[in-house]
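In order of appearance the chains are A, B, C and D, and numbering begins at 1 in each one.
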């Protein structure tokens, strides 16, 4: 058991990574799905293991190939990376539990082995980005994730041909983003001669004033911002999320952008150090401006969407704005708010997209006008959607409330006009969230169903995972010691001079 | 003299890229892109990066060009001329270029001995200790396969992803629409299923060359420890041999020789071979991809490990290239059948 | 100044041309070509970092006091080249499917058709 | 011995210079010839004759080493592949329907075409 645990950091990655080729070999629908679910669950199990271990004993370093850093590639598990890994693999497992019926309807059946292989690769890539302590290794795993996401999104073409173009747009944006990160890493390498993140961090202050390093900071931030769909770079996200197959949307909504948020935190706090990021360069004002614009404008845009998936996608961009603001506040409280929101938004959004997937499975459309009377036709599903919507708005007893509460506290902590303005902006944005959720609920419950529509719920195999997420939303909204506890540990680890 | 060559190549490079930007015929643009890659490979040789040059020549000028041509045969080769352009792209790229130009101000002088990169302890160990530690003269291979073996595992996974991605995307059934034009235009004949049965010259020459190509592939595969080369380059060469076969003797013949299903299996097998080495080293009690433990003597273990993972890389790359080729070439075939109906 | 840095300047120019091609051209294949150029430019930058004056390729030679160029950037760029060709293959496959379903590979036409579909 | 070296040097120089001359001629021909077929003819010269001369010149300089063997291999393969490539190009063009441009009355009545697709106009 102990020997197995000492390999846990690599096992969490390699299990899905090597599961992918195995899954690709199988024909049929059930077997690849079962393999993917089991491997994802195994990865989840190891992540929980790591999370518990890291929070009791301290960070773990794992040397790949037995070469000590900086010569070899190092895996670093600290409270933050363990927490994000747990979120990613947990969401992935939940989505996979749901996937079996849904995917048969949306993706052609003879290629499911490869479809799940791509899914596992995306999972492994994201886990790899989270855990690695090597700057170039981030790029490699980023590309594994990206390539598999492009193809997964394009699989939505069976229901809507626009998925193809959405995938292509994402490919162009994503490649530019990844290449920016590559340039940033290269510039840092040119000035430090090393690729190990901890090593770069230790040499960073001495060279922080040079032009290549400043440019590198810019390229890394912009590269991550593109992947994060931060406000001016968000164009790829709504299309991608709208036309991808339901489970892929649910999976990416809960994980892909969260990994980018993680990377942003990792770069800013671990690699550059907060003194440089917030003292030397005007990162606070830049990120905060973009974040505020993001959650205000995108919430408004979401109100006017006619497609439910697109509405939720814009809402995601808005929520990412909150996380950016949390990072930009440069305080422990802000960081806690950001990290908790990563977790909270992941379960809320995934739960919502899964519910939408169930509706799509029965109704065959996600346009809001086609959802009239769903409240009567699919009461259980609709109720799940309403509860998820409450989480999205941030009603008390839901985790959305918890993270916003922390964010407001962090803003007020500043005690200046900016802080108050931020608080007001957040309140307004929450109001918009009420409006766009209400718009959907109104159509669902208060519009008569079209003649001859049958009343039928989605299959049980889809409903149960949906409700697991809904229950999780309320569980973590009330019993906040888990999410807040780990987020606090991660934040204090980052602020407490990991550098 | 070296400076002169350098400057000359750089000028060619810039002219080539500008050409790519300005021509409207995509066929010409593709050929220019291939030329740019080839010039880039020459520059890499000048910069002592022989392994990279080899790969860039095989991939940038070879495989990529084949992929572009295959696509052009399916989608047509003329870019629609456009009237007015928005100034935003120009401004954005000028901004990015400006930031980079600013970044270069403090970058150390090219080629000097005391840059942070050359002085780094990382470089020192790779250059001076690795020949004894790993026992492989080609330091690029040592770093690639051993010190940073996990990056290479990631790279193999990327190739695997591309292979299954192309299969997933291009295996979708084609729904024909009424307003569809016939793709392709005369100068590019697509790969015909039956090959080119009446051409004696290519047949004879291909029969003569293919054994040598495969032999050369094997040489590159197993000589990677001592000279430029390795699994990746070998895989590309192998795939090129098979693609040549299919171009001359027809796709159907190649499919008989190497069935699609078989390619899928070896595509997965390559990744598993690579990962398997890591798993074995884990089972033996060391970290993932630690080759020292594979044999009683660490150096022998390193040799064994590098040999096996390079085979894994070679197998994956060959299979992925064939997968991609099957995807594109098979597509035109299927379209032809559709159009015929 | 210029001659000490000219590789870097070429890298910058190449990168700008590539990025401009991606953003300004409407034809999807042209965009992919631009993307390839953009990535190739970065390769040049990395390889330049490893260059050492009077050095030779990092393959151990008989005899003492040989100056070797740095092998690490070479390794990184080998990986990056592979990533580049994988992206190209995927992008082109998407283009083929886009042509088949939309009947065009011009971005403006596709966007117009998408608007009409709404 | 000295005189032998001198002779080798002279031969090398001669071979490389003549090779370069042919490359330049090729470039000129590619620009100036009227249609695809005659341009292929010009291009073929660089492929075989010029590359043979230049590589041969290099081989003379490197003595009896592995490099020479490799160079001879390259020359041998170029002698097989280049004419084949040229042939395949011409054949494909012909099959695609591009008629060679000839003087009036020599071939059938097709008017000479100025439009050459894929050429470097």
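Everything that follows uses one rule, which is that a residue touches a chain if its C-beta (ideal position, glycine included) is under 8 Å from a C-beta of that chain, and two chains touch if they have at least 3 such contacts.
Every value quoted in this text rests on a predicted model; they were computed, and no experiment measured them.
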Leaving out chain A, the still-touching groups: one piece
Leading chain pair when contacts are tallied as C-beta pairs: B-C
Computed distance of Cα centres, chain B from chain A, in Å: 31
Separation of mean Cα positions, chain C and chain B [Å, integer]: 12
Chain centre separation in whole Å, for chain C relative to chain A (CA means): 28
Where chain A and chain D are represented by their mean Cα positions, the distance between them in whole Å: 58
Residue list for chain A, restricted to those that touch at least two other chains: 136, 140, 143, 147, 150-151, 154, 157, 183, 189-190, 195
Chain C: positions in contact with at least two other chains: 19, 49, 72-73, 76, 79, 83, 86-87, 90, 94-95, 97, 101
Contact graph of the chains (line, ring, star, complete, other): other
Pairwise chain contacts under the document criterion: A-B, A-C, B-C, B-D
Chain B contact footprint on chain D (complex, rising order): 77, 80-81, 84, 87-88, 91-93, 95-97, 117-118
Complex interface listing, chain A residues touching chain B: 3, 7, 10, 14, 17-18, 20-22, 24-25, 62-67, 70-73, 108, 110-111, 114-115, 117-118, 121, 124, 128, 134, 136-137, 140-141, 143-144, 147-148, 150-151, 154-155, 157-158, 183, 187, 189-195, 210-212, 214-216, 218-219
Complex contact set, residues of chain B against chain A: 99-100, 102-108, 115-123, 125-126, 146-151, 153-155, 157-158, 160-162, 164-165, 167-169, 171-173, 264-265, 267-269, 271-272, 275, 278-279, 282, 285-293
Chain D-facing residues of chain B, complex: 25, 27-28, 186-187, 189, 199, 201-202, 205, 208-209, 212
Contacting residues of chain B [partner chain C, same complex]: 3, 6-7, 10, 13-14, 17-18, 20-21, 26, 29-30, 33, 36-37, 40, 43-44, 47-52, 55-56, 59-60, 63-64, 67-68, 70-72, 74-76, 79-80, 82, 85-86, 88-90, 92-94, 96-97, 100-101, 104, 107, 109-113, 115, 117-118, 122-123, 126-127, 131, 137-140, 142-144, 148, 151-152, 154-155, 158-159, 161-162, 165-166, 169-170, 172, 174-175, 177, 179-181, 183, 226-228, 232, 324, 327-328, 331, 335
